[in-house]
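As structure tokens, here come the structures.
Two complexes are shown next, each including chain A; its partner changes from chain B in the first to chain C in the second.
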Partner chain A sequence: MARLWQPGIVLVALLLSIPALTIAGFVFEPSGENWQHLKQTVLPDYLENSALLALGVAIGTLGIGVSTAWLTAMCRFPGKRYFVWLLLLPLAMPAYIIAYTYTGMFDFAGPVQSAIREWTGWRYGDYYFPEIRSLGGAITMLSLVLYPYVYLLARAAFLEQSICVLEVSRTLGCNAWSSFYRVALPLARPAIVAGLSLALMETLADYGTVSYFGLGVFTTGIFRTWFGMGDSVAAAKMSAMLLMFVFTLVIIERLSRRQAKYHHTTNKYTRLPEYPLHGMRAVLAFVVCLLPVAAGFLLPAGQLLAWALQTWEEMVDASFIKLTLHTVFLGLGTALLSVMLALFLAYGRRVLKSRTVFVSIRVAAIGYAIPGTVIAVGVIIPFAWLDNTLDGWMREHFDYSTGLLLSGTLFALVFAYLVRFLAVSLQTVESGLDKIKPSMDDAARSLGYRPRETLKKVHMPLMKGSLLTALLIVFVDVMKELPATLILRPFNFNTLAVRAFELASDERLADSSTAALMIVLVGLLPVIYLSRSIAQSRAGST
Partner chain B sequence: MKLKHLVVAALVVSSMSAMASEVNVYSGRKEKLIKPLLDRFTEQTGIQTNLVTAKADKLLTRLKNEGRNSPADVFITVDAGRLYRAKQAGVFASIDNPVLNDAVPAHLRDPQGQWVGLSQRARVIFYAKDRVKPSELSTYEDLASEKWHKRICIRGSSNIYNQSLVASMIAADGKDAAQQWANGIVKNMARPPQGGDRDQIKAAAAGQCDLAVANTYYYGKMLTSKKDKVQLQAARAMGLFWPNQQDRGTHVNISGAGVTKYARNRDNAIKLLEFLVSPEAQKWYAEVNFEYPVREGAEVSELVKSWGDFKSDKLNLDVLGRNNAEAVRIMDRAGWK
Partner chain C sequence: MKHRLEVSHIDVCYGSKQIISDLSFSLSEGRIGCLLGPSGCGKTTVLRTIAGFERPSSGQILIDQQVVSDRKRNTPPERRNIGMVFQDFALFPNLTVQENICFGLRGWSKKEQLSRSQELLAMIGMPTSAQAYPHQLSGGQQQRVALARAMAPRPSILLLDEPFSSMDVELREQLAREVRHILKQENITAILVTHDQNEAFAMADEICVMNEGVIQQHDSAYNLYHKPANRFVADFIGEGVIVPGMVVGGNTVNTELGNIHGLVPDGCKPGCPVDVLIRPDDIVHDDSAEDTAIVVERAFRGSDFLYTLRMPSGIEVMSLVPSHHDHKINEAIGIRLEFDHLVVFPRAETTASRK
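Then we have the complex of A and B:
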């Protein structure tokens, strides 16, 4: 078993890195005048904007995610029971859709500013209003929909912590704040960082929001160079720069916690005490939790609903139901596959403890930071090559044409999803696994379990919450995914995201709202269901 | 030997579907703007249509890599720049078909017969009726003059309509003049470029700028928008001006299509193109999407008629494609975001 495991992991990693390697292959081709031109004109801007965007989103998601996670895990205040799952809702909202709705509402020509002008008689330039289509706007939009990654993982970590550690810190003289800063936060760090890196990778790969806001960042630059200038070499060089950026982030994080281990060292779990909050503190906690829910979900969903009420009759037909089913089926299938793969890889790393395995896994997960379109192209090229080579061989030897076996099939699409979203399930599964201390493995092994049985009978029940979380995030991510779906899908195959995007990009926001709302609604079901399971899956609870 | 038979048998079964009477379409036009026509085509001819829609540039990448095994028979897209790219990529077959040649004027067809225009769209100037008199307007070139300082709304340089507009400026005035023009436009922008064509019209109506550059069909859609009052009012506050009527004419672009080089349903593909330039289909484009037909004498909607006749630039659209890369570089140098 173990003998086959390592080669298995390396093979999976290789397969999943085919798209990235295909793109990286372009880097070694000689660059033309376009590359010079880009370096002189727009590249420095792209670098600066991408870095600022990532930094802003990091601050935003950490601020919102960690504070709300702590409040809902450790404190008692009015409405807390609801906030536990309300705070997850923005996860169901695709970034490009929240950008459309906010622009629709707060743009200069939108209803809010128009009302202000009508009411006061001011004209353009007479008053200040934050420009929604700006770097700051993009940071806000992305933070609002991406903070649940941090919240979800941080809260799970806070809940899984042993109360004894916290109690000890209190007896050693920490007050509530310092035991948070000095004990709970460091203990939850792997989970928080895992959530943050998901948010950041998604930020760097985002295309819908930044292009709608007209920002010059790496993704928009790659698109423009590749498809606008038709220069795949220069575009691949930019993609490679982006990848290097992400890889450096990953390495820095891994190095910085090299010495530290983050397992909990005691088995004593009792019900977490909740710090009761009163008066102003309770109000403050309430507001802190309400704001992200309102801004990240209620407001945009309300706008979508208002639009959908106007247009749904024209938009819902037989094809609409079909594409909803397509979307759900694709999301579920991919999520299951992705979690199984993640478990295979993560557990392999734990058992084998080999450098090769470690590197392979990091390589396998790089796809999350690559924009969907780039991955799609990285899938099209090798698949078409394989198909055409096989076809040529068959023609030669059997005088028969096999045509395209993989290209243009659902297989190619699901493969692209796996490449793109493996990091999501992997991060979640790994951080769940990391919290189970190795002595558990040793105990199980010494009692005669083989690694696979240990996984099944010991680890999987302990990390049920993490597995469900991974399943949920991948499902929702696949459902929202747009660029790769657009280009790779088979004939006559639509998804909700495709429908919403086609209408919205035709500047028919109101018409697109029904499909957009459907994405949100379908995404809500697993969010709510799983948030309940997670609440019940605290280690040590019965 | 036995294995060989099995393999062949399995593959025959798997490719049976290719034998039915059908035509496979890769479309850069959105589903809503092509599916109704395809359905009508199926009704008339009994030929089944299969459709994938996506961004044209990416579909082209797919088509190119699928090579001789690509299932696509027809590739449809908007903008001459993209048709040119497809032609350069060698995915089209040359078609010399009398029906197409008769229906579509020569400057809206590829010189080698690789693609044919299906509908025309004009990129024009819209002015805020309460702040600008149409007599102050004249040409695209004039938009770069100082009197429009910080008064123009226009979208970003990643947008292919703008790329093609600059490409037409290169063709008309030369590279250096086009660079000067782009520099002037950037100085005259009321705000950094953002949003789509409708957003420019809305911003001008709301007073953020006085002029907006946009395609006419967006204006048509805004004027007929029953549900979005903001759009309707914005469009009503704006007037449409046809630039360059005294010289080369207003810049027009097209949506177009070609038959793929390795099409397996070539005859059906040609039939589809013939249908798309037929009076019936041409009328549909004009009525549903407020575009201009390529077929001379085809009817347009009342609304489109109300905008008046105009002189269009007769530049062969192939040139827009050839100038595209230079246009992008010019915009980059000008700092056109």
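Then we have the complex of A and C:
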């Protein structure tokens, strides 16, 4: 058992890196006619749109994330205690859902513009109203649901700062605001950059929002090239380009996290002072925190609820129940597999303590950065090759056709999910395992338990919480995942996310709300868990 | 008497770094041994090697006359029949005290488990705490539970890794005596690892002083203090100063404090330069004595003062004086030399053994 462990871990890492390696391999593939054509026509647009989108979301998430993080970490104002966790709620809202909810609310026929016309008597063309289905709209939507990444990491960084450095800066003549700009912000910068890179990875990975808004960016381009033009090589080359940008972000994120350790000023935490805010300032702080919560969660969730109340009786039928069950089984199955794999890898790292294992695990976990669209392309190509090769071989030698064994099956879909979400379960399982002191292992061994028995008798009970959390998070992520599911699902196999997106794309917004609302509600569970664990582990309160 | 444990000529390496070199010792049944040394001397590595968590690169270890480690074989910890008490106790936080104690009693019937755990709980003086969880106990109680858990399966040998280091300093000696009492009651063979000589003295029957992966002296506490084998042991155990001297006769050494009589090591002929260890209890304060010394420093230690005194010749020595002799700094007080043991190291050897 122990002898097979390390090769097993290396094998898992290799398997999970197949999609990324496949795509990376296409960088050197000779470019076909289509590619030349794309390069001259749409590719510059994709590049420009993707860059503008990323820039806009960067500004948006930084503005919202850092300001709310600072206010809830350092200031005292009415409602602050609630905002600490309320500000996380938009995490439960997938970008494509908020996008079409806002479209439904703010487009020409929506309730807002209708009300304006009713009050003023204006008609079409008489007034200006910002177009929600635009680049600006996409930036707003993505910023509203992605700012919590920046908020979470920035707030943690602010709380970790020693109050001493802030007080020193005050004694050296900085007022509260200049000590923010000159001391706190630079100290938190690595954490903020790490949060921002995560938000930007999600931005580049987004397919639902940009596709619904009809924007030409990389993810939509890959879709169009693959399905519209049927050119897998060009789609893969485009994926490779996207991958390059994503890995730049990964490197920035990892460097920032490493740097964040050096920006740790002390281990002695005292309660933060909490500048009390009064009057207009308190009102301002309240509004600054309320706006993202309202716009990023309360408003769209309310709209979804209103729609769902109108339509659910019609929508919840046998096929809806079937696709809900599909979603649950798919999510649970993937979550279980993912947690088991994570346990296998993380426990291997703990017991084997080898560099090969450590590197393999990092490689296995790289999928969190790769957009679902790219993973899907990276799964289809090798699987189809394998299917065709096997089929050809069998036909040649046995006159028997095996057909497509892997492509278009649930296996391919679950594999893609594992590639994308293993990092999520791995991180949770690893942190749970790290909390168990190594002496626990030794104690169990000295009392007559073999390593595998130690895992079962000591680690598993102690890690129950972490394992359940990992299950929950992967389940929710799988449930929300859209692009890979769209591409890889077996024929006629639907999930809640696919259903919601398809209905919305057909302009049946109200009809899609029941599925969307279910996704949002289930998505709230890990957010609630996250906010509880934040409340429990506040560094400043001890 | 039967040897419970025999460690013979083991080397332990981490990577290319040799931690333990050619280390041997043995322990008879019912004895409590101690590995004592400064941090980083390799004492915990020896303990972990005996337990089977580390593997010696050469040499062998026998537990109950069975080879558990040698070049070919390395019995895993779970099959060595050892018990171990960890520095941080490592109690399983999700189990009650009783469940912790019964953790190692696999294959015992429920009834046997219950009676064994009750017996141990009574022995550690916590008969009512069976259903408590570790976090509800004080540090000292957790420690006793860890001890009971390790003792429960009646291991051949019990290993204790710095078991008192997370306790308050004032409690350590008392706990060490309590633990010794419990171990002796069950006639358990045990090895303690510590850097604190008071703990070692309070608990162990025999002590190995270790430095840089090598045993410097394996002896009783009394001998370590009064007959240190080398200058490291002399420095590490107890207080004292080393004064240069010269052998003048068969059993006389001349120092700046005068002539001192006692056994001189074989190699030292008259005329040899030597170092003489002078313990604080070798210098006795006596108001009526002719010789005087000047108080340079004083440390109040409750029942006595530890004075640092400057002799007329300029060398400084220490003296332990009952607490009611309260002298000021710069005061001259009468002293007398009272040597029971002469500790002499040839000068050449001592400089060689210092690194």
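FYI, the second predicted complex is superposed on the first by the 330 of 542 C-alpha atoms of A that agree within 3 Å, B and C clash if a C-alpha of one lies under 4 Å from a C-alpha of the other, contacts with A are read in each partner's own complex, and residues count from 1 in each chain.
In the analysis below, contacts are C-beta pairs under 8 Å (C-beta built on N, C-alpha and C of every residue); 3 or more make two chains touch, one makes a residue touch a chain.
None of these values were measured; they are calculated from a predicted model.
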item	value
Which superposed partner A:T171 touches (first chain B, second chain C, both, neither)	neither
Partner chain in contact with A:K437 - chain B first, chain C second, else both or neither	second
Contacts of A:I381 with chain B and chain C, given as first, second, both or neither	first
Touch count on chain A, higher of chain B and chain C	B
Touched partner set for A:G230, first chain B, second chain C, both or neither	first
Touching residues on chain C, where the partner in the complex is chain A	51-53, 76-80, 82-84, 86-88, 90, 92-94, 103-104, 106, 149-150, 153, 159
Interface residues, chain A side, partner chain C - complex	437, 439-440, 442-450, 457-458, 461-462
Residue numbers on chain B that touch chain A, as the complex places them	4, 7-8, 11-12, 15, 18, 24, 30-33, 50-55, 57-59, 61-62, 65-71, 85, 88, 155-158, 160, 163, 192-199, 202-203, 205-208, 218, 221, 227-228, 230, 234, 324-325, 328-329, 332-333, 337
In the complex with chain B, residue positions of chain A that touch it	34, 37-38, 41-42, 103, 107-111, 113-114, 117, 123-124, 133, 211-214, 216, 220, 223-224, 226-230, 310-311, 373, 376-377, 380-381, 384-385, 387-388, 391, 394, 398, 400-404, 407-408, 483, 486-494, 498-499, 502-503, 505-508, 510
